[in-house]
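Next come two complexes built around subunit A: one with subunit B, the other with subunit C.
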Partner chain A sequence: MSQSATAELVLDADDGHRLNRRMRDAIDAGTREIRVVNPRSRHNLGVGQHGPGTIRFDGSVGYYCGGLNNGAEIIVSRSAGWGTGEAMSSGRIEIGGTCALGTGASMRGGTIVVRGNCGPRTAANMKGGTLIVEGAVGYLAGFMTHAGDLIVCGDAGEALGDSLWAGNIWVAGKIAGLGADAVVVEPTDEESARIHGLLAAEGIDGTFTFKKVVAERKLWYFDARDPEAWLKV
Partner chain B sequence: MCGIAGIQLRHGGPIGSHLVKMCQAMRHRGFDSTGFALYGDPDPTRLILRLRFPDVSTWVAGTDAIIAGVRELGGDQHSEHGVDDAVGAPDRFVRLQVRYTGDIRRLAVMVDEVAPGVELQSIGHSLEIIKDAGDAEMVDARHHVSAFQGSHGLGHVRLATESIVSVAYGHPFWAEPFPDVSIVHNGQLTNYFTLRRLLEQDGFRFQTGNDSELIAVYLADKMSRGQTFYEALKDSVYELDGCFAYLLSMPDRIGSAKDMFAIKSIVVANIGGDVAMATEEQAIRAVYTEELDDTQHPDPRSVFVWERDGRVLQEIV
Partner chain C sequence: MTDHGYTQGRSHIWTSDTIRDIHAKAELGRYQIRGFSTFRQFPSWDDLVFLPAVMTRLPLEGYREHCETRTIIGGGKPDLVARPLELDIPIYLTSMSFGALGTNAKIALGKGFSAAGSASSTGEGGMLEEERAASTKLIYQMTPSRYGLDLEHLRKADAIEIALGQGAKPGTGGLLLGMKVSEKVAKMRTLPMGVDQRSCVRHPDFLGADDLQVKIIELREATDYQVPIFLKLAACRVEYDVKVACKTGCDAILLDGTEGATAAAPEYQLDNCGIPLIAAVRTARRAIEDLGMSGKIQLVVSGGIRNGVDVAKCLALGADAVAIGTSALIALGCNSPQYLDDYAALGTAPGACHHCHTGRCPVGITTQDPELEKRIDPEVGGERVAKFLRATMMECTGVAKSVGKRNVHNLEPEDLRATSLEASAFTGVPLAGVEWTVGPQYLGGR
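Up next, the complex of A and B:
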């Protein structure tokens, strides 16, 4: 294997032409460590990447960072804007600061870890994988989630798990309000151990008492003429 | 799509060049037209009229006619007017300074009557609106926006979706007949015609069919009826239908409001007493290149007011 397999490749986002393509090409050529300097909150950084390899952004990123990720590890040292890791299928994304709206929306697999807070609509339409938020999440977290685990170590906003289909939401802090068809159930010891294992794997120590939120499944089949069943807004 | 930007400097400074950089960083959001609302030192003895003559052949006679009209209304020219120096352009921009203490509506109507076709881009003691076709750097090249020093201002990049592509329909808008009020807006109103009819029944005129102009007039009307700036913004969240994120500015403050679903983004950054807001954080980073420690994405129904003295009012209504 060539020298580039071990050396870290440094890219400057100020010279952003075909930046995502250059990252992909480098990983295809055997590079395993890429560092991107001067991201300056730009959008679409690290979209469509695949593994194996680690891409580090030194600073904050804008909207849609790490979208469509397919196996790469993407580490952002500071904060991210809307739609982080949207529709990713595998790999790992770590955000050192906070995330805005729609983190992990429609993700199908892999892991997202956010060290700070997340905004509204976190894990909306999530279809698999694990999304860990060390801080709090905004309103409508887990909206229409189909599968996977959304784990929130802090508080959750209004309408948590609204129209949840399947999948699990775990909240250690306070829940401001549940959405339509979302209910809190008691987790088993095995389930709790599994979640703490996922946290430990991401270096998050401590014992949390999680509330588990799942679909009550009343909306799986319902009478549209009965607004009590679904009309909560 | 569109992008909006605002900046308020604690000690004043190069707001023109800051807004050009912010808008250029959002060029991809639209470059049908780009515009700036700039607030310089207010002078109560002087009104600045920003005019655009779409037909360059009419500007000399039109300007003379407007000056004569001002005199007829009891005012006078304050100092020599400025004219843009673009060579070969089909249109001409004029910056007119007048002494006038009368009714602003009469002044605006007079301008329309004596110089048919002219576009009155702004009237203000402090406010100057500069808007033209193209991206921020193109507008700056022709109108020297970067040279403008002031306390605060707004910027807008436009991708026309709801109405025609033209300079007149570009943002910012001023709130005829209220001087020194300007708006930039990202979104669409769905109760535009209803509100416009109501305002027209009260005697308001609209220069364009652009829904964003209505927000400025609607809010200024509320303030003229005794509401505070903050109260007017809060009312707008429930009285305007559609999706919107807008910035409204007056000589002492900038305000913002978002609709109840908040799908149009705004990022607000506080930087050592300065405050900057934009549709995208990277626009703010075009001016404040270091990492930002204090940013927020306002929630749905959020209303903010940033006073020039540093006070901030905010609420989710």
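Up next, the complex of A and C:
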């Protein structure tokens, strides 16, 4: 499907057949601004997109918006469902309202900014990039996060950072409870400055006092580190 | 007879294995972990026999006439799948990760299955570029941990498999001990090098079948409706699990019996969880038929399939294809009698080795040690695997022709008889000689 470049392409999600394909084709053709009207919380909007280009959804979106994003900027004016930006490798996603479960799940790069709250399992299996939540996050946020930064300006729910690998979680508000093997450590001044820099770049001003949550690394290994111990079976 | 210094006594409860296991746990303070498959003895494919054509059927000429083996997976929904997985044979390589296996082994398997006109699978650890290059057709496995999950890799795949369970350790995630989390493996999985990687079991962005239905559409959208999407299930509550899987909108179901092997699993899982494949195939087929989805969703089965006759038996019970793992590794040289000192250093011997978890595979297959890996020549290994697959298909088509079938997919339960009560009860196949089926007649002759 060929698509000629326009300054701004307006797509109506009510006429949604192969909408994602039409967005990709438009970006390939040189369009840099796409506006999608009437998203009506539909699932799988903005999936598998690439840059350079900005896709704006006028309204709320359903599950997996921006999933597998590979370089596009995706802006949702209102709220989003499960799995927003899951497995994103690069690009930027901004959600004007709240997000449900699994925001940024297994994302590997890029930036996600949520202006409101996020549900449970935010940044689960995250492998890189930055996920900023201006509000609060639900339980099991940062579950098994491998790498990257989850920054929470509000409160965090139970089991925060459960079974962390090497990711970092930053929480300015209250932490309802830490997950297995998660510990709070004092961030350095340089680290705090870096996090505030990431916030400032997203237009989030203010001085936050972040608690840094990392892995205590007791779950990184079985107790026995002697290779011979594995030969007893 | 002594084993690791223990002698088998007269007790059937406190066997030498049990005593040795308790001693090890008392010393280590943890459960035992090992590779390979269950050590439990179940009714096996050997408990079923084929009934070749005699007076009421006409056999095909075994050495001359053709028996079709072409297999298409994901061809039941042409509006959703532009490129179904077309295979020359009804066998493909099951998912085994880079990490569990070394690079050379992955390449060799890719070459071998490609030469046989079939497909290989990435397994959990992401897409290894060398494996993609060596494989004409490659299935991309997406596990809960999503190691290395990448849009471009999904688009390079010939099918996508969402892992929801594994026969060797259903209800748990992957396991890769630190000895195998090499620099390359750690980088692909975004893990600290050398950690004992215990993966999550639940996917991070869906919980139930309704969510998974949306997820499958997401993957179709991302890959532009090109390739089929499989679900891999451990054989547990087969009827209900398969029916729910059908409702998700997937294109194929891979059902993995408890005989399925692993590079590392808790032994309590290996020997106590899940049901044998022989007990699962017929139930799965019936579940698909009950929903009217035969032909639309393909059933692939795996777990302990050793040879072409096992393949034929699976097809006869209702599978559209099979996936193999351990037998392909054995074809590659697993447990072969060479490098005897290295087997001895592991406390084992050729034919008895199950030490994939240690990363010290004597024949260089389940290792990340560069020196051990040199023991696998991808070209030679690929030829061995291809020859094994050729021989396997000769067995499969040979038995199908003797039964009178021009297509291996025409094999059916009526072509089988059971030689044990358990096998009859598990499969709904009549007992040889007496012609009645053990157990309730719920299969209704299907």
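The rule is simple: the second predicted complex is superposed on the first by the 216 of 233 C-alpha atoms of A that agree within 3 Å, B and C clash if a C-alpha of one lies under 4 Å from a C-alpha of the other, contacts with A are read in each partner's own complex, and residues count from 1 in each chain.
In this section, contacts are C-beta pairs under 8 Å (C-beta built on N, C-alpha and C of every residue); 3 or more make two chains touch, one makes a residue touch a chain.
All values derive from a computational prediction rather than experimental measurement.
K.L.:
Pick one for A:Asn125: touches subunit B only (first), subunit C only (second), both, or neither.
P.N.:
So A:Asn125 only meets subunit C here.
K.L.:
Contacts for A:Ser60 in the overlay, against subunit B (first) and subunit C (second): which applies, first, second, both or neither?
P.N.:
Once the two structures are laid over each other on A, A:Ser60 reaches subunit B alone.
K.L.:
For A:Asn70, is the partner it touches subunit B (first), subunit C (second), both, or none of the two (neither)?
P.N.:
Once the two structures are laid over each other on A, A:Asn70 reaches subunit C alone.
K.L.:
Of the two partner chains, subunit B (first) and subunit C (second), which one does A:Trp82 touch, if any: first, second, both, or neither?
P.N.:
The answer is both, since A:Trp82 touches subunit B and subunit C.
K.L.:
Considering only touches as defined above, state whether A:Gly138 meets subunit B (first), subunit C (second), both or neither.
P.N.:
First partner only.
K.L.:
Touching A:Ser192, do we find subunit B (first), subunit C (second), both, or neither?
P.N.:
neither
K.L.:
Mind working out whether A:Trp220 is in touch with subunit B, subunit C, both or neither, as first, second, both or neither?
P.N.:
A:Trp220: touches subunit C, not subunit B.
K.L.:
State whether subunit B or subunit C is in contact with more residues of subunit A in the superposed arrangement.
P.N.:
C
K.L.:
Quick one: is A:His43 in contact with subunit B, with subunit C, with both, or with neither? Answer first, second, both or neither.
P.N.:
both
K.L.:
Which parts of subunit A are touched by subunit B and by subunit C alike?
P.N.:
Touching subunit B and subunit C on subunit A: residues 43, 62-63, 82, 101.
K.L.:
Any idea which subunit A residues touch subunit B in the complex?
P.N.:
40-43, 59-60, 62-63, 78-79, 81-82, 100-101, 119-120, 138-139
K.L.:
Quick one: which bits of subunit A touch subunit C in the complex? Just the residue numbers, please.
P.N.:
Subunit A residues touching subunit C: 20-21, 43-44, 47-48, 62-64, 67-70, 82-83, 86-87, 89, 101-102, 105-106, 108, 121, 124-125, 127-128, 143-144, 146-147, 163, 165-166, 219-225, 227, 229-233.
K.L.:
Across the complex, what residues on subunit C touch subunit A?
P.N.:
Subunit C reaches subunit A through residues 24, 27-30, 32-34, 144-146, 149-152, 154, 177-179, 189-192, 195-196, 198, 200, 204-207, 211, 214-215, 217-218, 221-224, 267, 346-347, 354-355, 357-358, 360.
K.L.:
Which part of subunit B faces subunit A closely enough to touch in the complex?
P.N.:
Of all residues in subunit B, those touching subunit A are 265, 267, 280-282, 284-285, 289, 291-292, 295, 297, 299.
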